[in-house]
Every structure is written in C-alpha cells, then in structure tokens.
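Take this structure, written in structure tokens, and hold onto it; I'll ask about it next.
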C-alpha cells in the first residue's frame, strides 16, 4: 500500500496537470469574486471565508474524475483489483494521495488568497484549519462519485452534481467554524467538531461505497 | 495445484454468455482457449479473474493458498498494458512487484522479452510492440501462480511469439498454470485446447 | 429450480417479472380508481376547511404542498429500500423499482417546491426564501436530478443499476446529516424568525383533509410506480429483443 501511495504521488508530480489545474481554478474563482461584487475591501473581507470555501470546494469536486479515470483507461484498474488488499483500502489510499496532491495545495495557498480578499490573519488561519479538515471529506465521499462514473469519458460535472448534496454539511460546518473563530458570539468548536466527525465518517463511507462499485463495475 | 471450474454460468446484461462450462487445469499445464468472436473467451477469463460474478457454478484453486481468493492468485493480461507512460519501465514493473508479489528481478524479466537495458526509459517512449512486451515482462517480474492472458501476442512479431512461448514454458515448468485465449497459435507444446462456441439462445427473461 | 414444496408467499414470489406483470395488470386500474376517489374526497374536504385567521384561503396550498413534500421523502425511502434489496439480496425487480420511482419522486419534489414558493407569495412577497424546510426540499430535488442525470449517462444497464443503487443508498444514509446541517445553517443566519410555513393549529378541521390528501398522494404514487415498473420491464424486453435481432442479423 505504501508503494501505491508513493506511485500516486509520483504520478501526480510527473503529470503536473492535476495539482496545478486545481490550484489555478481556485485562483480563478477568487479572482472572479471582486469582479462580481465589486472591489470594496470591507465586503471582500466579510465574504472572504465563504468564497474561499466555495472555491476550494468546487476545485476539489471538479478534480475528482482524475481519481480512477487514468487507471481505467490504461487497464491498471483491473490489475489493482487483483491485489491482496480490500478494495476499500485501495480506494482510501488513492483518495488520500489524491488529496495530498490536489487538496493540500489548496489549503497551503489559502494565505495568499486570503490576503487577496483582505482577510484578517485570524480569519485566514481559521479557514486554513477548516479546509485542512474539510477538503479530505470532499475527496473521500467524492471517491464514490468517481467510482460510479468511472465508465464515462467526461464524468467531471456529473460527479460534482452527485456529490454536491452530500458535501453541503461540510460546507455549512466549515464556513460556520471559520466565521466562528473570528466573530465573537458565533461558536467555533461545535461546528469544527462536526466537521471532523463528518470527515472521519466519509473516510470510511466513501471508500466502502467506491470499492463496492469498482469491484462490480468491470466490463 | 489445480484450477477447477464446475458448471460455470456467466451473464452480462441480460444475456447468458457462458453456460455449463467445466474444466480442470493442473500445475504445469496450459490451456489454450479458442473460438469465434463472441463465444465468451474474454468473458470467461474475466470471470476467473473476479471481474464478473458468475451466475452459476464454482471456480476453485485446489492446492493453492487457502487464505487467498482465486483472483488474488492470478495474473491478468488483456488488451491494455496497464503501463503508466510517465513512469520509467523499471518504476512500472517495480510497483507491480510490490503490489502483486515479487517475482524475478526487473532486469531478468526485461531480458526474457528481449528488451534488456530499457529499464530507465519512460514508458511513453516505447513503441506499441515494446509496451506489449513490457506488459508480458510484468508476468515474470511479479509472481502469481495462475496466468490469465487474453490475446497476449496480438500485435507482436514472430520472434516475440517464440519468446512468449518460452516464457510460458518456463512458468509451467515452475509449477504454474496458464490459460490463454487466442486466435493465433502460441507454439506451446502439449497444450490442451478448449474450444468455445457462442450460445445462440442465451437470453434470460 | 425445482422447489415445489408449498411455502408462505414472500417477496420472492414477485421476483419473476412476468408474474409481476400478471399481478400489476389488473391491480393498476383498481389503484387508479381508488386514487381518483381519494383525491376527489380530499379536495372537497380541503375546499370546505375553514379559513385560517392568519393566512386566509392561501392555506389551501398547504393541502397540496405538505403531502407533496411528504411523498417526495417517502419516494426516496422506497428507492433506498429498493437499493438495499438490489445490493444485498439482488432482488431482480429492485433495480426496476428504483428506476421507476425516480422520476415520480422528482415530480413530487418539484410540485412541493413550486407550491412552497406560491404559498407565501401573497402574504409575504418574495417568490423564494431560503428557510430550512424549502432549502431541504431543494437539496432533495438536486439529489433526484443528479440521479436522473446519472442513469442517462451510463449506457450499460447493469452498471447503471448498480450505480443508482449505491448513490441512492449513500444519499439516504446522509440525509439526516444534510437535514441537520441545513437546520444548523438556518438557525445561524435567521435566528428567531417566524417561519411563514407555520401550519395552522392542527385541529380536526385541518388534520383530516390533510391526511386524506396524503393518502391520495400515496396511492397516486403507488399507481404511478407500478405503471412505471411495468413500462421499465417492457423497455428492457424491447432492448433484449433488439440485441437478439442484431446478433441474428450478424449471422453468428
């Protein structure tokens, strides 16, 4: 399994497209915001956490079709299924590697985008923390969407549509916690704990569902 | 070790592709599967590899590792080569060695297919025939006792076919089992032949 | 396939599509008639219900909106149970059931959304508010639409059926979480606002028409579901026949 993880990371690095494209998309969304609402810095700071979360969520969702597409196209998926490991574990490792390659860069880029939105350091820190916990949840449950659409050539948008309702809680609690860290009456820890719980839950549910789908979807 | 298939039935969609299939293959034996298109050769190999769930019958590997399922003791080589083009040949093969089980060293495997010293080249630079041969090399580099191969030498020339036959003979003499679906003669000595025929009335309600 | 012993009737008796068609054939018109009767009764009772002091006659929309929302959820539950039947027990009609229920559920959800929007318009003004209940129904609608897009996209019927079952099941597991998060979100942003969808005090005058309408809706769903299952079985048969014709034309 370690070999699989390392291979995934290495592949992501070599291709380069996956990780960078997601980051660029995030940048594009953030750049669009002032064009849409005007460059009023106070307004941008107020909606900053929400827009950062939206951008990161969309970027993660739209990058999910890379999870299994390549493996299926070149036949690697068939061989991976012959391994002695449970399929759910295989999906977990792939999803984790995918997150490290595409989700983690989003988290690390948050300070830059936060400054572009004129956010306070505390707000930026809160958004980083919630994204760090929340984006894996999106990737894990998104693995199910990726597995279900693995036979399709252009599954990207369909995955986003299918997974969107499921990640609404992630968005709600993530943004709520981010705002809670900077606004006084609003709580931080309850939504943050919910977010952590959802991530743990999805890290099990997603691979299980995806594994089941992959196991029986060979044609 | 013996691969035993009894009364196998496989459906795809609502069509029955295979019905009542039964055979045995023992260690050191090869089974060549022939038949017209649509007779279910690929379907049978897929069912053995665990990709399709049989609707009837059993597949057992007697004398194998009792704790592993049948697919976990199989190699599978079909139309795709499962090569990552961005990784070098060596990186490709070494990954599968770690994932599927260690076999011969990468260099020995590459020599056996007639591609010595190609290990450090990214797989994307190889020709189609060379990629196919690297896929065959994987059979040697990562060890699994049962080989399920579907048209292994389809795009290869005669010398590669001879090499493949030699590789298969070597695997068999080590106690392995080989099932090969093919249209072309593989040049294997004393291989039994299983001829499949298409089902004409294979519809289910 | 040689069990001839007598055993109590079980769900597996309906596993045979032909037998299902034989049962559904006569059953559907009967259900349809009962549905029509219930709707007539329900609508009559609704129009004769007293005016609500707060909302006036617009409360009548409640008798259409609330059962529609209930049915939207009920339909998804039927799909979820069918999904379990498909994945765990491999019941042959389970896949047919999910596919058949899907557009019906989407239609009920759309009805709930539209009537929900219309309900408050005369009194409060905006065509749409993001309150917890309407938003939850909207999310359910997106779930339905996503599933419909999914089965349209996948060609292989076996894979499509399995995908549908898994996504439905995972969705149903998540519905409590989604509902909870929408409620959380709502209380966060709209503390202590009176929901304009407050139902009037549930005295008998309102309760009975509501229940009758709910029953009418449920029977409507059952009728449509059986009809659609029948259509789906026919559709599959056509597909099989065409495939057979294609193979025979090839001269295999």
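Order of writing sets the chain letters: A, B and C. Residues in each chain are counted from 1.
Everything below uses one rule, namely that a contact is a pair of C-beta atoms (placed from the backbone, for glycine too) under 8 Å apart; a residue touches a chain by one contact, two chains touch by 3 or more.
Remember, predicted model here, so these are calculated numbers, not experimental data.
The most centrally placed chain, judged by C-alpha centroids, is A. Chain centres were defined as the mean of their Cα atoms; on that basis the chain farthest from subunit A turns out to be B.
If you average the CA atoms of subunit A and of subunit B, the two centres end up 37 Å from each other.
Distance between chain centres (mean CA atoms), subunit A to subunit C: 31 Å. For the pair subunit B and subunit C, the distance between C-alpha centroids works out to 47 Å. Multi-chain contact residues of subunit B, defined as those touching 2 or more other chains: 12. Multi-chain contact residues of subunit C (touching two or more other chains): 156.
Annotation for subunit A: residues touching 2 or more other chains are 216, 219. Those residues of subunit C that touch subunit A in the complex are listed here as 87, 139-140, 142-143, 145-147, 149-150, 153-154, 156, 159, 162-163, 166-167, 169-171, 173-174, 177-178, 180-182, 184-185, 188. Listed in rising order, the residues of subunit B touching subunit A in the complex are 12, 46, 49-53, 68, 71-72, 74-76, 78-87, 91, 95-96, 98-100, 144. Contact residues on subunit A toward subunit C in their complex (touch as defined above): 141, 144-145, 148-149, 151-152, 155, 158, 161-162, 164-166, 168-169, 172-173, 176, 186, 191, 194, 198, 201, 205, 209, 212-213, 216-217, 219.
Taken together, the subunit A residues at the contact with subunit B in this complex read 3-4, 7, 10-11, 14-15, 70, 73-76, 78-84, 216, 218-219.
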